[in-house]
């Protein structure tokens, strides 16, 4: 305790400029994948859906670096085109829950009282539904497809952001700087959004990163089950579902989409860890 | 004594939760665009059939009345009939749910067995090779979708090495366990990754706690300090997390059962979705949610037993 | 009455390896503690007083390295095998902490926490251990001992918790008590009770006590001798009377003068300008130099060593005579 | 001549409900609550320093927060220049918030870690429209100079300062809006002794230069004695004694005040007593004894102390104590 205090001085100097390795690596990986997602046709050697019946289930070769699938489609091109779909899932499924959940949670946490009690009950009830089961159920009712998946995820997911925001705000609002703002006569809106928000946003951003990784897992799982992206759209889960009968004979069909999922997930987690670490050294 | 009161309180708190679950499951079907019956029967359904089904399901009455009817049926153990399988939903679930529960329990056990010692190793060897290796491996496992892990294990241990069956459930209990081993392992990997990460962090923070220093200052043997003072306190947060993860585990079970062709409630649900068999979708969703809320009760109890501060 | 033991500390240093280089939290500290005596280790946050205390019985966590000699009962505690050290810890040398709420394990009954100490250090059986635990609770003034043993730490008030911690520490009749700011978290009337308790236990058990504190009032009220620490080093030591009457180090003098005295109400206090230096960025020469009104070029060039200036009286200041002479100005 | 009374507290009470539980409700038990403040009555005069002392749980911090309306009191009223502060609305309320400022205890949490000192001060200046935009930088420099911080401090974040410097920033923030009253809650208790003195000196200087009224809440009796004109002693939510500083410290009337003074360690190693000054501990605020709240620990308590609660009574002009054993003196006003 005493020692930690005395270290404060030296952390002061080196802190700001040091960027954690995980943030650099994760960020760079994300940037590359975003490029692939935005300009897939620039990087993909073939069209994702061009059949080549002369080259069915070819193992990786110079012509087809990742081999071809059972319709003779180039696996590399499909994996690259799938970036557009899966990165889109990662972002669109989570961005609204993140923004909405965070703001509403901050307000609820600051207001407290009845709003918080009601919200608490809602959270208790919602977390009893297995997330995937609920999403599957909603998609089942609305019909398969990406848009319905976003709706299904959004209906539930904001609650987790809001819950985190409530918890963080409840800690921060008791701190003296928030009290000082109140004693100064600042408006609640100013205190919540100008004073508290910058201090609670880090864990929420970190959670958002994790959530994007989870969204990719969810998206590919639904794709695999036939409830998400619909064939012939190139999507990793769909690709693996197509490949599941050829696991032993044509490993390349499933391995490359699988690796793509893992790499995407890892880069979000790494970036999240990096953000957390960066912010930790800042305090 | 305190514990008993606590259980009572938690059971009382369960009631609104169960009501909410029922409400959500009820509303689920009413989210359907147009009327449920035509959605169930598809575009080419005859008007007469639609009307018949609407009436059979009581869908021609006002929504609140329908909900009350739904609740009444629920209390009588009636979840409706499967459109596809022509069986009562309850009997279907009775057959299928135990499979899912066995799978979940097995995978929870496997996850704990994996996570506990590895978390200790990782925490005590913090930032050294063992820690980096353990965390790295689990991080990769965490980034893999459950169905993909399943397919990999299935291909390698099932199809290639032929150590385990590639699917099914078997007839005897021993054979159940044998059939469910790979699926349980599949499900356990991501859970154990989550648990390991949390427990490692908890151990690290507890090791720095002053009461651990005090325990060492008392001259207690290292083993006692680790087990009685470090592990017990560290487990408190991990048990909470474990409870929260049960939902994820059940969700994963739905996928795993599909991958391994296990006749569980999850697979029943997915098949019913393909067949637009909404009463079954409703029923399975409801049951899985109830299972989760009961598990919460259980983990809460373990927590209270671990942490006397919670039972007041 | 058994004969007491003395603790001899020679040239104790504790260094922490950080990503930004080694930081020396305790730098060449030497002192001894005799049976039945209360030695006060006085200093502000970051002065290294708590780290010193923890270093004595090997409670420094891994990135930290401790060197020097800590002689107790004819052996060097820094080099004895772990098993032997464990027997000393809690058995012969006990330690109590600042925050009883965080120093007691929240999920175990206090009875168990007393008992495990007895189990580690005595041959008593279950029943005897329980009897001894009740006896200890009585000794430290916890009413209704039998019932209270079944309670958890959160069921006690702050003062009672501190008594529980003392009872645990005393379980095996230690001959030396290390107390790390034992009353800082307590209210003044409770602090008073706890300090009086420690003093009476000292008399009863003929224990030596090392009391780490930042509160000069506590020092005046309880210590026999004191060692003042600044930036990891002892800058002045001697009997409490000598030091309160005539501080020889500019830091000690400043510390004493910055406490408000009766009779000078609403006048400016004699403050020490500036703040204590970060351990990673110590100034050259005397660490107190930049804040010292007596400092000159000599102080900035060489670091003054702790030197004997009288029987049992040491100071590490080039100008200690000037400091002593200037005392009258502020008294 | 204006009224010397700036703030008056009339029978102020504040209750914090504890976590209510369904089970308690079902068993017909009352919901538990803590009376943090109970019938607190005294006044604060323009330009004086009032010290408020007491041990943890005595309600002194709650009182400080009620004074700046961080809490609203549940009963009684606080008047500022004769107006009930609970009824202030809109512009009047903003004026009150400006004129009565609070400085906080914890130098590590009282400043927003994500704002530079310049932003912290500019916000106070602009929200209360203290200066036109163009004059704000000059005013910030002036404020930093007032609290003796270097001018380059403006562009740093709070974590780049030491504890003492942060408290100065906190003081500068309060001074930015040119208040008349400063409520300081344990202003220096988190600081090292040598730094405490710097901040205390600053506070004393500012009070004389700016003619501030100061409410100094602290548990350190020596500090309170050093800077207060009058002292209010609190115990379990009530005022037990109030009077001029010298009276309180030389002729305390209430047994609790006497115990508090005796328990505070003296700076003279020659004066030691071996007997604790007060026995026992604070009773639970959830379960206060009837009669005088101090009766569980009071060495002098008699039958009446266990049944009847003593009211504050004047012992001589300006000195009051709430104890049955203190003789009331005839006071001519």
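For reference, chains read A, B, C and D in written order, and residue numbers begin at 1 within each chain.
In this section, a residue touches a chain if its C-beta (ideal position, glycine included) is under 8 Å from a C-beta of that chain, and two chains touch if they have at least 3 such contacts.
Because the structure is predicted, anything quoted here is derived from the model rather than measured.
Trainee: Can you tell me which chain lies farthest from chain D, using the average of the Cα atoms as each chain's centre?
Mentor: B
Trainee: Looking at C-D and B-C, which one has the bigger number of contacting C-beta pairs?
Mentor: C-D
Trainee: Can you check how far apart chain C and chain D are, centre to centre, with Cα atoms defining each centre and the answer in Å?
Mentor: 32
Trainee: Counting in whole Å, what is the centre-to-centre distance of chain B and chain D, each centre being its mean C-alpha position?
Mentor: 53
Trainee: Could you work out how far the Cα centre of chain A sits from that of chain B, in whole Å?
Mentor: That gives a centre separation of 22 Å.
Trainee: On chain B, where are the residues touching two or more other chains?
Mentor: Counting only residues that touch two or more other chains, chain B contributes none.
Trainee: Mind pulling the residue numbers of chain C that touch at least two other chains?
Mentor: Answer for chain C, listing residues that touch two or more other chains: 45, 276.
Trainee: So which stretches of chain D touch two or more other chains?
Mentor: none
Trainee: Which of the residues in chain B end up touching chain C in this complex?
Mentor: Residues 208-211, 213-222, 224, 228-229, 232-233, 236, 306-309.
Trainee: Under the touch definition given earlier, write down the residues of chain A that touch chain B in their complex.
Mentor: Interface residues on the chain A side: 121, 124-125, 127-134, 136-138, 140-142, 213, 217, 220-221, 224-227, 237, 240, 244, 247-248, 254, 258, 261-266, 269.
Trainee: Can you list the residues on chain D that touch chain A in the complex?
Mentor: Counting only chain D, the residues touching chain A are 65, 68-70, 93-94, 96-98, 101-102, 104-106, 109-115, 123-124, 127-128, 159-160, 170, 173, 177.
Trainee: Under the touch definition given earlier, write down the residues of chain C that touch chain B in their complex.
Mentor: So the residues of chain C in touch with chain B come to 54, 57, 59, 61, 82, 85-91, 94-95, 97, 99, 102-108, 116-117, 120-121, 152, 154, 165, 168-169.
Trainee: If you look only at chain C, which of its residues touch chain D in the complex?
Mentor: Against chain D, chain C makes touches at 44-45, 157-160, 187-193, 195-196, 199-200, 214-223, 240-241, 244, 254-256, 258-262, 264-266, 268-273, 275-276.
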